[in-house]
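One chain, chain A, appears in both complexes that follow, with chain B as partner in the first and chain C in the second.
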Partner chain A sequence: MTAGTGPSTTRGSSAATGLGPTHSDPGPPPPRPGSVTSVPSARRVRLRRAVLPWLFLSPALLLFLYFKYLPMAKGINLSFYKVQPFLGDQWVGLDNYTRILDEESFRRAFGHTVVYAVAQTAGAILVGFVLALLLEGRARTLWFVRSAAFLPVVAAVAVVAEVWRLLYFPGQEGMLNSLLSWFGSDAQRFLDDPDQALGWVIVVGIWKNAPYDMMIVLAGLASIDRQLYESAALDGAGLVRRLRHVTLPALRPVVTILLTLAAIRGMRVFTEVYILTGGGPAGSTDVLMTRIYDLGFRANDLGFASACSVVLFLLTLVLTGGVTWYRRRKELS
Partner chain B sequence: MRTSRGLSAALAVAGLTVLTACGSGTGSSSGGSSDGSLEVWSRSSPVTGAVYKKIFAEFTEETGVKVEYTPILDNFEQRVAEAATARDLPDIVINDSGMLGTNVSQGLVQEVDRDKLKGSADLLDRAWDQAKAFDGKYYGVPFNVQSFATFIRKDWREKLGLKQPRTWDDLTALAKAFQTKDPDGNGKDDTYGMLVPASTDRGYASWWAASYLWQGGGDFLTESGDGKYVPAVDSPQSVAAARWMQDLFCEEKVVVPGALTLQTKDAHEFFSSGKAGVYMTGPYMVGKYDVDLGKKFEVIASPAGPGGQATLAEGENVYLMAGSKLQEQQRRLAEFLISPKGQKIGLNSTRPEPPVRLSVNKKVDTVAERGGDARWKMFVDEFNAHGRYTPNVPNWQPFRQKSGETLNGLFARCDADPKAELTKLADEFKQELETQKVYGG
Partner chain C sequence: MTASRTASRTASPAASRYDTALGWGWGRGRPLASTTRLVLYALVLLVFCGPLLAVLTGAFDRTPDPSQMSLIPRHLTLDNFEIAGERGLWTYLRNSLVITGGALLLQVGVTVFAAYALARHRFRGQALALMVILATMMLPEEVIAIPLSLVLGDLPGLGVSLRGTLLGMILPMGGWGFSIFVLSEFMKEIPVELEEAARVDGAGELRIFGQIILPLCKPGLGVVVIFGFNMIWDQYLLPLIVASSPDQYPLTVGLQLMRSVPEVGVGALLAGALVALVPSVLVYLAFQRTFLSGLTTGAVKG
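Our next item is the complex of A and B:
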């Protein structure tokens, strides 16, 4: 189950390399002029240089090892077994993985997950961007509005999902339905309709995550040189062209970070879906994590569930790696 | 100097971490706490849990064996699975008889020697069946049984001048009237006919549909002799029953909105808050609705379908979990739970949600314990006359999950053809039977 911790892996390793000895490292002071550096002591200095950072890192690394990497390794290990703790686990090789390909429900859940991740990521960034443009500035009132807009991010997901379940109540007296009835709309079935349910779940995801994206975009906006806007305006660029040729290019690094984070978040979505629909109706909102949960804890098939988690982990790893690689290449060029 | 201090600090922290890592690795691999008390979990609400506590207090007084009890309502199976993976199960788990197959196939429960258990001869033979695994051995002790009945808003029914339903058609007509004729008289179109927990979670849709499937003359599986089974879920009767249920959702439209993602624990409220007027559920709800609705509701035996009367029969077992060091104490608690004394406290009539639904002990008169309440008599009679357990395959859970998903799909997509979908389900059943090595085709 713990295998799906994609982002932490990269975070952990990049932290390690980032703190490792580099050229800019001041290191120990250079030998005083006149003193003769013997060969063994130079080696010792080099050794110490190599070992010391790792020693300082060791507490964190050990914690990571114990709470992250070991459980992950255990999860990967389990994925090759039929897990039955009290009867002895049975080695099944790659059977669990071939089953993933065979299982239609898993393929369907994979499709839903991709749709969810793409739509939620795109929607949240778009809404977050618009919000950021609207709420950029230094005025005190804006600070207040920004904090208010940020609230969905800090609210507990489970609570948010329960509230949305109430809002989405598919009867005429449901809150959203009574709102819609003012505009003469018929009662919507919302989460009861297998063709719409995933869409409504995505709306909740966007509502919840857009303000987070807004904050990051705001930070990006703040770093844009005002003079660029002014000179663009002087050159006769309108609002749209200023957005397109000044704001967006300047935000590119921010957007790539957002994309990575949001896509990973989207792939691993669980709580919202589990509480809103439990994967239903007719399996129309079943995503990878709800499937894994069902397999692991309802069907007690922990080996198979672990295999699914490993696949999810690899997917997030590839996704993260891909975006990082793309970003590096962009930055270099 | 500074370097060496930093170094030793780092080493100290590292050493500590390694120590704790090793320490927790050698933790106890069995349930129970160090003082020899039994660790007991039950799938119950806090209200029911309070009655369990009384039973265990009495047990401790009688035997001196302490009990560390935890009632868990949400994600019970998940908690058990986690405990199993950690090889640290509680000593006793009280949970649905439907979990027997899963528990046995995972080796989570110990075999019970029925003959060596004190008082086992006093238990209903039928109740023992719910603890009997496919191999003919017992892996639990039956603690309670239950049947299901139809709860109706009596005040609504009488206001509309309708009779108690006797057939499926009556039932549909009643639900339709509740839905459309403003039975609560508030001038608003805000009431619904039937309350259905049709979520796929824990296979609820299948659990709800089982009684109706049998009333319609259909079935999930048929025994083909020799303990083997063939799918029956695609028989004409099964298809007709499924179509009738689909019509409740799609044609008659008498089911509460949101039913397709509704679990039982969230469903109960719809009935007591006056949203829905018909609800098929178990005896455990009588007490709660007595508090919420008083005399405004009635409980009747479920109306007969084309195949006659039928209700799902099930119950809860006391499972003696694997890996326990307290074998003797486990057995003694099980004996106490099924004894007349244990059963009577469990039936406690002053509490709304008693842990013992219908007693498994022949020496205990459930109806008398519930103050001669005719509704409890009806549940007992229904269990005896029309109660049916799900087929005794090695593990029922996958069947319940698969049929739940198919039925939920039928109810969700009104253009889905019951015959086609159930034929597909029969195929999945066949595969599952083969996996469990009991296909008799």
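Our next item is the complex of A and C:
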């Protein structure tokens, strides 16, 4: 952005003072086929054309090299070692990977991750769809309610999780518990209950993501031809049948891809779980990322933690690749 | 999608029953339906804004009980902020602002140049460059957390450690595949003729970039800035692994240290949460249109 604020000086400031035809100065002229100087300068222009884009790309590529690709390579490399801070790393081949298969806690975390990703995504789209139907329209009230309901999406995950940790306070006087008591329900232990904790974590995920899905669905709804509703209604189709045969088919293409990608992203969930439960109680909400964090930064078992990260990466890579391939194939046919 | 949306809008003459999927009646003559709708709206607001409103009131409320939150303040006070301040709230806020400001500037700068190269140039290796950039979206902090912390502890070839510095939280945010991709999509839509005309007039590369392309993709820049802000403000794992002591924490990470303070119960945490919440909400409210347009562009194209 800073580069756009003033005329640049890389090629002599005299040429860069106005849009008018001012190239009488000896600076490198634009390519002009037929002019006498065109042979050497055309080569220079071509060279510049080849180099300049890479120059523009270099900051991005450098940052990605240092903070994405080098760490990735290092992670893959580490995953074959038993990392020992002072004794030196020891090559263990695939041992870390076979350990993943053996370790009960990792298998459980994997199960929780899949449940979380699928349930959170499915819940969010369901709630989002209902919200979108409810809030579709051009009235100002609707616009206001939509904007307000969208706030959970813009709030930082950490803030959301901290607030919900308070709402879930397990005593009688906790906010959700006092709300539940109005309906005659007993006090819940929420995140302290190993059987329910994962469910309550998922609820927070749905709460945060449903308004996002609502906006996507609303954009989809807006693209539906209104006459379809009218003619369907004239043909005697009730609300449910209109939704099933007009609305849903129109939304399907955009929404299915979005959902799959969201579910894959859900496999990498960390912050919510880390703040809400830290993986507890008794590992009942442990997901892959909280396991990896514990292994890497608390137990300092860097080799094994790296192997787990590589597995997580491959999992998301294969799933994303699969979805993309499927989408391409569908678009072609 | 936008095209068909405007088309269908102009095609429908007046608000009709079939303007919406539900086709609910609204307004005069249907008091029952209207009331039902209003009740439902209130419910939606309660569910999705209630918790955030509870943060607002709780931040200014003296709560003797360590667990209570409520929507109605009982005793207005600023004590919560004072005590949260003693617990480092203002340090965390300062860190957050430094990180967000620095990383956003860097990210927007990097994005603008990279997107320009990808969208407005044909060059050898372009497909490869695009792939290298898009592939980083598969490598978020979570997947590379462990080796990233090692790399930050000893930058290869430079022998510098960024651990325990705010710079270590800024630099990894500098490149973001998503924003490069979105901005280059916006840039591709600028007609080539404008660029060619300027070239004929003798404008150089940087002039074309700064005076033609950038001003014409302002909406795209808006999306990049706003999404970048949100993404950086939201960071949790990266600062967690980079920081070596709590006085380097940004707000998101620092909140956990304000969880329970004997004097004010949850008040300090709620004060901190409010401070962390306000910038995101303000940015969203101020740039709502850009935000939502980015949402659909990103969703449909990404």
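Here are a few things to note about the model shown:
Criterion: the second predicted complex is superposed on the first by the 257 of 333 C-alpha atoms of A that agree within 3 Å, B and C clash if a C-alpha of one lies under 4 Å from a C-alpha of the other, contacts with A are read in each partner's own complex, and residues count from 1 in each chain.
One rule holds for everything that comes next: a residue touches a chain if its C-beta (ideal position, glycine included) is under 8 Å from a C-beta of that chain, and two chains touch if they have at least 3 such contacts.
Not measured: the values here are computed from a predicted model.
In the superposed pair of complexes, A:Arg49 makes contact with chain C only, with no contact to chain B. Legend: residue contacts after superposition of the two complexes on their common chain; A:Gly171 is shown touching both chain B and chain C. Of the two partner chains, chain B is the only one that A:Pro85 touches; chain C does not reach it. Legend: residue contacts after superposition of the two complexes on their common chain; A:Thr277 is shown touching chain B, with no touch to chain C. Of the two partner chains placed by the overlay, only chain C lies in contact with A:Ser309; chain B stays clear of it. In the superposed pair of complexes, A:Asn96 makes contact with neither chain B nor chain C. Of the two partner chains, chain B and chain C are each touched by A:Phe297. In the superposed model, A:Leu63 lies in contact with both chain B and chain C.
Set against each other, chain B and chain C touch different numbers of residues in chain A, with C touching more. In the superposition on chain A, A:Thr113 makes contact with neither chain B nor chain C. In the superposition on chain A, the residues of chain A contacted by chain B and by chain C overlap at 52, 56, 59, 63, 66, 169, 171, 173-174, 293, 296-297, 302.
Interface of chain A with chain B (complex): residues 52, 55-56, 58-59, 62-63, 66, 83-87, 165, 169-174, 189, 191-194, 276-284, 293-294, 296-300, 302.
Taken together, the chain A residues at the contact with chain C in this complex read 1-8, 10-11, 15-16, 19-23, 29-30, 48-50, 52-54, 56-57, 59-61, 63-64, 66-72, 74-75, 78, 131, 133-139, 141, 145, 147-152, 154-159, 162-164, 166-167, 169, 171, 173-175, 207, 210-212, 215-216, 219-227, 229-230, 233, 239, 242-243, 246-247, 254, 258, 268, 270-271, 274-275, 289, 292-293, 296-297, 302, 305-306, 309, 312-313, 316-317, 320.
Of all the residues in chain C, the ones that touch chain A in their complex are 1, 4-5, 8-9, 11-12, 15-16, 18-23, 26, 37, 40-41, 44-45, 47-49, 51-52, 54-55, 65, 67-70, 105, 108-114, 116-118, 121, 123-126, 129, 132-133, 136, 138-140, 142-151, 155-156, 171-172, 174-175, 177, 180, 198-207, 209-211, 214-215, 221, 230, 233-234, 236-237, 241, 251-253, 255-256, 259, 266, 269-270, 273, 276-277, 280-281, 283-285, 288, 291-292, 295-296, 299-300. Of all the residues in chain B, the ones that touch chain A in their complex are 3, 6-7, 10-11, 13-14, 17-18, 20-21, 75, 77-78, 81-82, 84-85, 87, 102, 105-108, 188-190, 192, 199-202, 256-261, 263, 322-323, 397-398, 401, 405, 408-409, 411-413.
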